[in-house]
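Heads up, the next two complexes both have chain A, just with different partners, chain B and then chain C.
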Partner chain A sequence: MAEPAQKLLRFKSHRNLAYRLVLATLTGRAIHISQIRPSSPTEPGLAPHEISLLRLLEAITNGSQMAISYTGTTLIYKPGLITGGVSGIGANGGVVKHELPATCTRGISYFLLPLCLLAPFSKAPINVLFTGAGVITAATQTGDMSADSVRTAVLPLYARFGISNNIELRILRRSSAGANGKGGLGEVQLLFPHQVRLPKTVHILNPGNVKKIRGIAYCTGVSASNNARMIDTARGILNSMAGDVYIFSDVSSAPSVPSQEQPDAKSRRKSGIGFGLSLVAESSTGSLYSSDVASPSSGGVTPEDIGRQCVYRLLESVSLGGCASLEAAPTMLILMAMGSEDVGRLQLSGEVVGSETVIELARDLRVLGASGWGFRQATSGPETDIVVSVVGKGVGNVGRKIT
Partner chain B sequence: LYGARQGYRPSDLARLIYDDSLTPAEVNRKWKGEASNPKDDAPTDEQLQEEEDFFSKPKTFAHENEFADTDGPIYNDVELGQKWSNPDNLDALRQRFTMTSLRHDSAEND
Partner chain C sequence: MAPLLGKRKRRLQLEDSSEELSAKELDPLEDDYSALFRQYFEANFEPLPTLQLSGSSNVIDASKDANADAQTDWEGLSDEDDGLAKVIDYSAPKHGESGLSRDEFKSFMTSKPPRAEDSTIAASSSKGQAPTDKDDNETDAANLKKDLALQRLLKESHLLEDRSSLEVSGKGRHKALDLRLQDLGSKSSVYTQQKMPIAQRKGIVAKATERENLRRREALENGVILEKAGQGKKKTEVKKRERGVGGPSVGKFRGGTLSLSKRDVAQIQGPKKREKAKR
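Let's turn to the complex of A and B:
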């Protein structure tokens, strides 16, 4: 394009890196991020999961340029077009195979959430297969949600924006976090074949009441009784709150790799052993609240404790109010900001709007040229609820402008 | 002037959120009205001490690393456990669930 070279937009620190990269890609602005963990004595600069995310961006875009400084503390990213699964660029037969390194400490949702945000604006359908020694499908100690929660609590939100056709998240092989919280051996495939010109403008102002609760208890490489114990504890509390509670149980064996100590064919090492619970509460108006707890890789926590903690977190999330939980708020706000040049409204809990993630997101959006958000008191719901008005940027999908 | 400020006022948030001189954590605290006591404005002993040490001690970015870069909220499970094992809090939350009246009545009849 014959546009004059744009000035690099400058950001600091590693915070919100994933969303900054997503926003830069969507708006087509080049960004410069400095001071990425500059004072860490052992691991300065970009972490393995962040490098992996950059590689993923490279695979699903065409013409992206990135430069990382020697120490990894500075990054320049010039985004290209989001092409998705166009053969020959990053994909093979429409499928982009993305391998995560064994040093990855973040759950797969760290990659899925940004990827889902880019997918509606892609030129071709997105079909990414996450594989390798770093795929953790369970929730992690680093605070990432499980792949189950992404499927049940985040992907349904896209329907609100008119993006709903055949979106699928397949958990092909489950894995909990491996030793020291590093790596798993799971396999996850995201199919996102619904591309749009612009997401619909939404007005979501009624949180509604929670009408049903669904959950998935998963365990990998441990006895299925762990699932039963988590479900029993969780239902013990939830049954008195909601009438419609159903928690699924998913038992799978732990993925294994050939042992490194004895590299003969027979000995294999199990990896990613653990269990966890994902709960989602759905309100009468379609608001979703989710919570996730998984056993730490060091062990020593009973399934009862996991079940109880997960329920308490769910209740806390419901009690905060608003139409989106903190996990889902960035996704919704970004889709609203990328919508048509119209005012969309979303009611959020005061705790969610005032959270550091959302504040950071508001600032990043402004730096990238979006207009400021408006805030007003909500007329329904708890007193601290705030209605956020977001004016869309009308950037939309460059690949689909001419049809 | 800012003596008894209430928290969670939308107009405050519009002012604070785009004020780049504050870190997100500070915005969060100010908006909730937690930093309304005047001693926050006056330098504390610790801050004075820090100023004295300015040339000897490099400023660390510890606070930057503390902020976990996650989407999910950081829960304190001990506090949550105390809060939600209390039946009064559970009862208060029942109005956010459908079928509350029905359930609640049946629980009382038991």
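Let's turn to the complex of A and C:
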């Protein structure tokens, strides 16, 4: 009675691995990824954060199978059902505890964004606690946004798809990237208790004007004056452009671990020291543009520079326009593609549509059996804007088909 | 010195006001009418700002004199900047939560994602609408109540005796209750006579039908359209089944043959669909 085995869908290279895994899980297709960093002489194959993401997927699904070759350059992933925090499978009291290794170089958003995409389609509520020596809540040099930005710039987007109930992202302990940009000792908990059968079809065609800018300046283990300096610089530039600017300040001590050289109880080693700024601009129609800059782990950058850089990035993102920024576009497009069999529309900036991430995403979706996207020039807004029409796959939440 | 200073200040103000008046009294030659208007205006409303008076040198001198013993160093306002306004910009970086409401702080800095603008708009608009919705609901409910009361009054008004109150009471109340029960679907009235001589019953029924017929005829003649006539009670023919010991369980045994009606055959064969499905 076994159903005929579907052919493995073949992908190459390590790029877009996270989204490929997410899409495979959502569509239930088995994938084969080869040539994962084959030419790297020192670290071929899957990186620690990718392994960790696979482990996370295994924890929140039931029946997933994955096979990794000896060198780690080839991966076969057969997705199971997204069960979420079902006790007994991976969770303890509904909470999936996921530990990240100290070698992890990616920020926590690398895990949060895919997890948030899977969460609405889960069978049970998702409640994942990220702990361990690899949780970096701040933005990283590898280009990940901070956990604050995930909360303030990405999670609000889910409300547009009718997913908004009691979602929480608790930053229990902040941490910047540790030495050499590796590891941190933060703690983050994601609660995603709103599961839907299918996300709503959206038609977002009006970018609106930016009228509100909010931000969070955070520092861990350094003087709070760094926050003040970042905020000062940022406001100095932004005040002349927007009326409603406010940047909050969050000061926390550095997380510390017992030092390994002297294992007596008293000596502790601080790790994950730094500061950073997360800015979110909100338009009158609810479009969100965000930017994130954090101090590099090597140090040597003044808070003024960080503030200025962050503001410029925000302004660049706003200047691109469209209803979703580059950071938010993949999330929105995936949710649209997983929606009901109806055409959803999203106006995006040409630059965002032409970005590597979005194009790769479109190709991956095509391979995974989603229908193609339609593009047309936007009738309103700048001429470079493009309206992307996405037909939903109508697969939705398998676990909630019969309720 | 300090209490003195305070006193002096107050005196200064007094002086100022008195000076205003004196200035006005001194100046009538200059602008008679405007001063008169001014006086009239100030008498009726509030005193106009003294700035307008600054043109007259008297006041400035007086204030200078008054200030002279308090701060001898002060030279008075310099006249050098020829009307060029000095601009001080306070919009440069500000700190403190003064600009932001506590709600907003809460909504942004908790673990929950901040509500998107449209949702806040929706929330605020729904906040605005919520009371109106509530009002609507309330008025709807009230209207429904009144509607029901009116319907009942129309239906039961014949039970009301010539009393001022619109509430039926006593025997009338029971009758009204009975009417309501019939409206809700009770088969017959509680007050129908259960047992009576057949002739009497026939008479009553005949009278009722006659009355009904008359009503219908009159309506027809007057061109009034009435409700459809009720179909009356259908006499259900109860077919007697052969219940003898040797009788057949199906069909009729007549003249030595068992005759089956179409219905009987259909019953034996069962539904046709099933047959097809079985094949």
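Going forward, the second predicted complex is superposed on the first by the 401 of 403 C-alpha atoms of A that agree within 3 Å, B and C clash if a C-alpha of one lies under 4 Å from a C-alpha of the other, contacts with A are read in each partner's own complex, and residues count from 1 in each chain.
Everything that follows uses one rule, which is that contacts are C-beta pairs under 8 Å (C-beta built on N, C-alpha and C of every residue); 3 or more make two chains touch, one makes a residue touch a chain.
Not measured: the values here are computed from a predicted model.
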Clash or fit (per the criteria above) of chain B with chain C on chain A: fit
Partner chain(s) touched by A:Met241 [first = chain B, second = chain C, both, neither]: first
Partner chain in contact with A:Gly369 - chain B first, chain C second, else both or neither: neither
Partner chain(s) touched by A:Ser284 [first = chain B, second = chain C, both, neither]: both
First (chain B), second (chain C), both or neither touched by A:Ile359: first
Centroid geometry (CA): angle chain B/chain A/chain C, rounded to a multiple of 10 degrees: 110
Partner chain in contact with A:Gly63 - chain B first, chain C second, else both or neither: neither
Touched chain A residues, chain B compared with chain C: B
Partner chain in contact with A:Ile171 - chain B first, chain C second, else both or neither: second
Contacts of A:Arg151 with chain B and chain C, given as first, second, both or neither: second
First, second, both or neither for A:Gly394, with chain B first and chain C second: neither
Partner chain in contact with A:Leu17 - chain B first, chain C second, else both or neither: first
After fitting on chain A: smallest Cα gap, chain B-chain C, Å: 7
Contacts on chain A seen with chain B and repeated with chain C across the two complexes: 284
In the complex, chain A residues that touch chain B: 13-18, 35, 37-40, 109, 113, 142-145, 209-211, 237, 240-243, 284, 292, 308-309, 311-313, 315-319, 321, 326-327, 330, 350, 353-357, 359-360, 362-363, 366, 372-377, 383-384, 386
Residues on chain A engaged by chain C in the complex (per definition of touch): 151-152, 155-160, 164, 166-171, 212, 214, 216, 228, 231-232, 235-236, 239, 246, 248, 250, 282-286, 288
Chain C residues touching chain A - in the complex, by the definition given at the top: 91-95, 99-100, 104-105, 108-109, 111-119
For the chain B and chain A complex, residues of the former touching the latter: 7-8, 10-11, 13-14, 17-18, 20, 24-25, 27-28, 31-32, 58, 60-62, 64-65, 67-75, 77, 80-81, 83-85, 90, 93-100, 102-103, 107
